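What follows is a set of structures for review.
Shared between the two complexes below is subunit A, which has subunit B as its partner in the first and subunit C in the second.
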Partner chain A sequence: MVQIQAKLNPGYGRWTPFWFLAPAVLALLVIGIYPTISALVTSFRRYNITRPRDGFPFVGLENYVNVLSDQTFWQSLGLTARFFLTVLPFELFFGICIALLLHRPGLGMLRALARVSLVVPLATTYAVVGLIGRLVFNRDFGIANQFLNAIGVGGLDWLGSTTGAFIAIAIMDIWQWTPFCALIFLAGLSMVPVEIEEAARLETSSKTAMLRHVQLPYLLPGLTAMLILRSADILKLFDMVFVMTRGGPGSATDLVSIYIQRVGFRIFDMGTASAQAILLLIVTIVLSRLYIKLIYKEIE
Partner chain B sequence: MRKLLYASLSAVALLAGAVSLPSTALADWLETAAQPFKGKEINVTFLDRPGYRAIIKLLPEFEKKTGIKVNYEIVPYENTREKQVLNFTSNGDLTIALVDLVWIGEFAENGWITPIDEFTADKSITDPNLKLEGFFPLLIDAFGSWGGKTYGLPFDNYSGLLFYNSCQLKEAGFEKPPATWDELLKDYAPKLTDASKNRYAFALQSLRGETQSADSFMRVLWPFGGSLLNKEFKSNLLSPESQKGLTFRQDLMKYMPPGIISFDHAEAVNALAQGQVSMITEWSAFYGTLTDPATSKLGECLAVAPEPAGPAGRLPALGGFSLAVAEQAPDDLKKASWLFIQWATSEEIARPYVEAGGVSGRTSIYEQPDIKAKYKFVEPMVASWQKGVPEFRPRFPAWPAISEVVAEWGSKMMLGEVTTEAGAKEIGTRMEGILAKEGYYDGKKELLQ
Partner chain C sequence: MMSMTLRRILHGLGLLVVLCFTLFPFYWMVSSSFKDQTDLLASPPVWLFTPTLSNYTDIFADEKVFGAIVNSLIVATLTTALSVLLGAPAAYALARFNFRGKSDLWFWFISNRMISPIVLALPVYILALQLKLLDTHLVLILIYLTFNLPIVVWICTDQFRSIPIELEQAARLDGADQFTIFRKIYVPLGLPGIAVSAIFSFIFSWNELLYALVLTRRSVQTAPVIATSFMSGYELPWGKIMATGTVIVLPVTIFALLVSKHMVRGLTMGATK
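Here is the complex of A and B:
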């Protein structure tokens, strides 16, 4: 292969691919791999940076034992799982509905406009989403309560009640991430070869059958990617929730990332915080492998 | 005749000279002291609050006089400690530390800030009119000192005050604000609350975080005779007095807007400013927000009083920041920073500082009749600073960790998820766990708070 390439192009040598890949690998090393290894090392140390006099000794698995026996960690992880299971079905359902609507032929300009507007929530910074959330769900002048009042249901105390606050952050997450699902599904739908789709239309007029047997196989790779990205994303979802509720009221929105930030940057116990982060990394990897194994299928 | 004229002219000139002496003396002193540091740059963290906006307004004067450039970065309060700690632990560029009352123990014990006697020993860089006794003793004690040593000078100073809507109180038949918490709950609150009109008597900012632990939780402990810790540094939250305070807060919640648990300072101040609530206990620093017609509807209705007293007396919330020299800075920048700190907290600058919206920690400025007359918050604030507990919130390095526990379980109490007793028990166990780790129970550490 190399010889053929070299014949075609005299500048091509054995190391050419390496040089092309080097910048990306180097960037990954610096911003991805080095910090991860550093976190791994820190997780085996007693490392509170506000106690430099105590030193930073290696303590083996002590931090991991502490984390795994910490009730608050498990609670916040459970809450994060509940959050994931709450928002994801909505995002997938609305995402596929929007994608199917936009996939219909003959929309012209409208489709282009819709695609652009779908990017807006995605492009909004998390912290800004949180600020918008604080305004939308304000009890007295928020638009959420104005809407509820208009349809005759009384206003709710969104951010001041445990259930309300959880629903509020879930709604903001759904608002921000449904467009992402829609765009990925839309890309999947546009992969379906036109001739197959037309042939299928001749066979059946049922849209469900079309979706199930013709379009779904093309959507699965996108779905897998989405699941992996959303799982990782929700495990590290911080800014939006912190701005909206700071994990409160009580511990109603105390997602695991909020808890880790508190341990890391309020108490500055970097050892424990690193152990927590490494455990989350393991959870993400396991989940990703599961998704790929259970859902992902190559299209033939 | 001519001689007499000359004599009287020179007398007038002398007199004029003498009158302007203090400021000239200060100018001369500062200019001379700053000579070796011309062109140096010092770095400090500021907050987006009135006291900092005031000093920023006055900065050009300092920079002109001294030739020292002051670089400041404005950081939200919630991130200030994090930013500074990371800066100090990585030998960063900060030459001045902004020290919240509750950080003084941590900053001092880690050697991140320099005691001022290192500088006051050097006459060439010390204001001849420094007068440490000119600060309110409570302030310099609480914000600036740790373990008997002074590290910082009080710069942005707060006392908790009762801000109230005197018009609404009058309508309900009250000529005076409540003098005690008990009165507030039993007499004032029922008459000032009408949920159907969305009107409530009181708002206590209680958002999870430092707001919950410091502004809400600790506020109801001290006046009722309770406290977080007893003398042996064990939890005192199950004592009848502490429990009384915490139960009081639950009872008072009936007269607060729903969702009070999500109120931060801005929401509480806004609720009073817009007429939704009649009374709040807030930091003196919010006076400006409440008098500004752009942010407040109150106008002449705004009135200010000291916080109500409890059975243990009036022990209002105490908070604020001092400025201290950062130990990590090179020697010349340390000295330049010390000059800035003295200038920013000096008696000479107190008037322009107060007029620009700041709250000085100097006693003399509040004795001026025109200042007293112009700023309604002055008298109650000065009254509050006469007596108080420096350890209103413990100032030891373990506070941030404890504050998180208090914030979590304090909010759960307010939500009714746990009783005040069960919550207090939980806080107590976790807090003692933290303190044991710190070495307070095996005699390794002095019981300082």
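Here is the complex of A and C:
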């Protein structure tokens, strides 16, 4: 491939690509890498902004030792994992259902409309999703409770109770990200060659057999992408939860990004927060390596 | 034959459920923004009500809200422009040249998509504090490049690769240099890709909350920050909050509908086509 392309595109100077790349690379180095290194340095210091008089002495691995022995940090990681494991099955299940509905021929207009409507949750500003959540799950007049009252179950103090708050943020996440899974599954379904699909339809009328033997192979790459991207996104998840619950009540919705934010910007313990952030970064790098390895074919 | 009709009806019902699922929260926000306080707090909820524009006149009279929307516009527009300016040439190099370390570089661009903003927010806050850049448009414009540049680079690389290389070869035979080729061939022919990436970049910047929350104070607060700031105090002005939410979400929804075909590619950085 290299030779072919060299033949196709000869006669440029050795430094030509450099000039095209330099601005972007330089920008990302300055705004991405430099702060990361700076966070790494801070993570080895005692660094509380509210106490500048103490100076910011290097303390070796002290912050890391503290973080790794900090119950709350582990709890927030555990909670983040639990959140991931709670929302993902729903998003995948609803996602595949919606994708199958949209893939099925007939009812063109309605189908197109439903397909386009999937974009709406995805584009909604995450913070505004949080605001909507606050309104919908309001204890006194929120529509969620009014609905529960109407069917005779009785209202819940959603955002004021540990389980309620967790379920509420999970529902908002499922609302926002199910369309993402649906669109990826739909893309996978439309990759199935028409002849194969039609041949299979003649062989079997069973929808599940069709899904398992014909369509599943085309859905798997998308599924891997979803697993990794959703886990990275939930590690990043901040806006919606911050607006809805600020991590509360207590630590019921204290996902890892919310917790680090609080340590850094409420307690202003930058040293500890940086150590936490570096640990989070390591997890993310492992994830993104995995993602790239599994998903992307080597760029030619 | 009967079962065919039945299936069709079920299919239609299913699609309607999908529509309700995706649009209900959005509808609830918009309709709430046209309700007065009594209708908002009504129990059971009112579905038919006399709409009022008072929430909108309130927020547009509110300098803070108006200023925040202007701030969001400034930041999102400039960071988008900068991302395209820096990202498109880089995408061209990645699409059409071979050099050592190319795939590493490309992966590095892509992996920026995965990094949690909180990782950068801490050191950038300290740096901005030292450089007296806190509460400026500049710091947000620059930090937003960390997620906008990768998206522009990815989408444009893909687009540029689809441009026939013969055009470039012909131009080179005519004596055009690399920069002219980029300007005269790749920019105009790659315009659809550049536009899509710009729209994504705008949406992501417009929607961002965490950086804006920690890096701004008073004068540069963006729209999501202002919307969040309503959420304190005892009696919440729900109508105003939902009107602000609607005003924030509406422009990006329109943009997103424009690029709805590319939505998956934009969100996955091209993992699925």
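The rule is simple: the second predicted complex is superposed on the first by the 249 of 300 C-alpha atoms of A that agree within 3 Å, B and C clash if a C-alpha of one lies under 4 Å from a C-alpha of the other, contacts with A are read in each partner's own complex, and residues count from 1 in each chain.
Here is the rule we use: a contact is a pair of C-beta atoms (placed from the backbone, for glycine too) under 8 Å apart; a residue touches a chain by one contact, two chains touch by 3 or more.
From a predicted model like this one, the values you see are computed outputs, not experimental measurements.
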Residue contacts with subunit A in the superposition, subunit B compared against subunit C: C
Touching partner for A:83 - first (subunit B), second (subunit C), both, neither: neither
First (subunit B), second (subunit C), both or neither touched by A:262: first
Touched partner set for A:140, first subunit B, second subunit C, both or neither: both
Which of subunit B and subunit C A:53 touches, first, second, both or neither: first
Contacts of A:250 with subunit B and subunit C, given as first, second, both or neither: first
Touching partner for A:218 - first (subunit B), second (subunit C), both, neither: neither
Contacts of A:44 with subunit B and subunit C, given as first, second, both or neither: neither
Partner chain in contact with A:159 - subunit B first, subunit C second, else both or neither: first
Overlapping contact positions on subunit A, where the subunit C interface meets the subunit B interface: 49, 140, 265
Subunit A partner contacts - residues on subunit C that touch it in the complex: 8, 11-12, 14-16, 18-19, 21-23, 25-26, 28-29, 32, 40-45, 85-87, 89-90, 92-94, 96-99, 102-103, 105-127, 129, 142-143, 145-146, 149, 153, 165, 168-169, 172, 178, 182, 203, 206-210, 213-214, 223-225, 227-228, 231, 238, 241-242, 245, 248-249, 252-253, 255-257, 260, 263-264, 267-268, 270-273
Contact footprint of subunit C on subunit A as seen in their complex: 2, 5-6, 8-9, 11-13, 16-21, 23-25, 27-28, 31-32, 35-36, 38-39, 42, 49, 94, 97-98, 101-102, 104, 106-107, 110-111, 113-114, 116-132, 134-136, 140-141, 143, 146, 150, 172, 175, 178-180, 183-184, 187-188, 221-222, 225, 229, 232, 235-236, 238-239, 242-243, 257, 260-261, 264-265, 270, 273-274, 277-278, 280-281, 284-285, 287-289, 291-292, 295-296, 298-299
Touching residues (chain side subunit A, partner subunit B) in the complex: 49-53, 139-140, 157-162, 165, 245-251, 254, 262, 265-268
Subunit B residues within the subunit A interface of the complex: 81-82, 85-86, 89, 106, 110, 198, 207-209, 212, 257-262, 276, 397, 400-401, 403-404, 407-408, 411-412, 414-415, 417
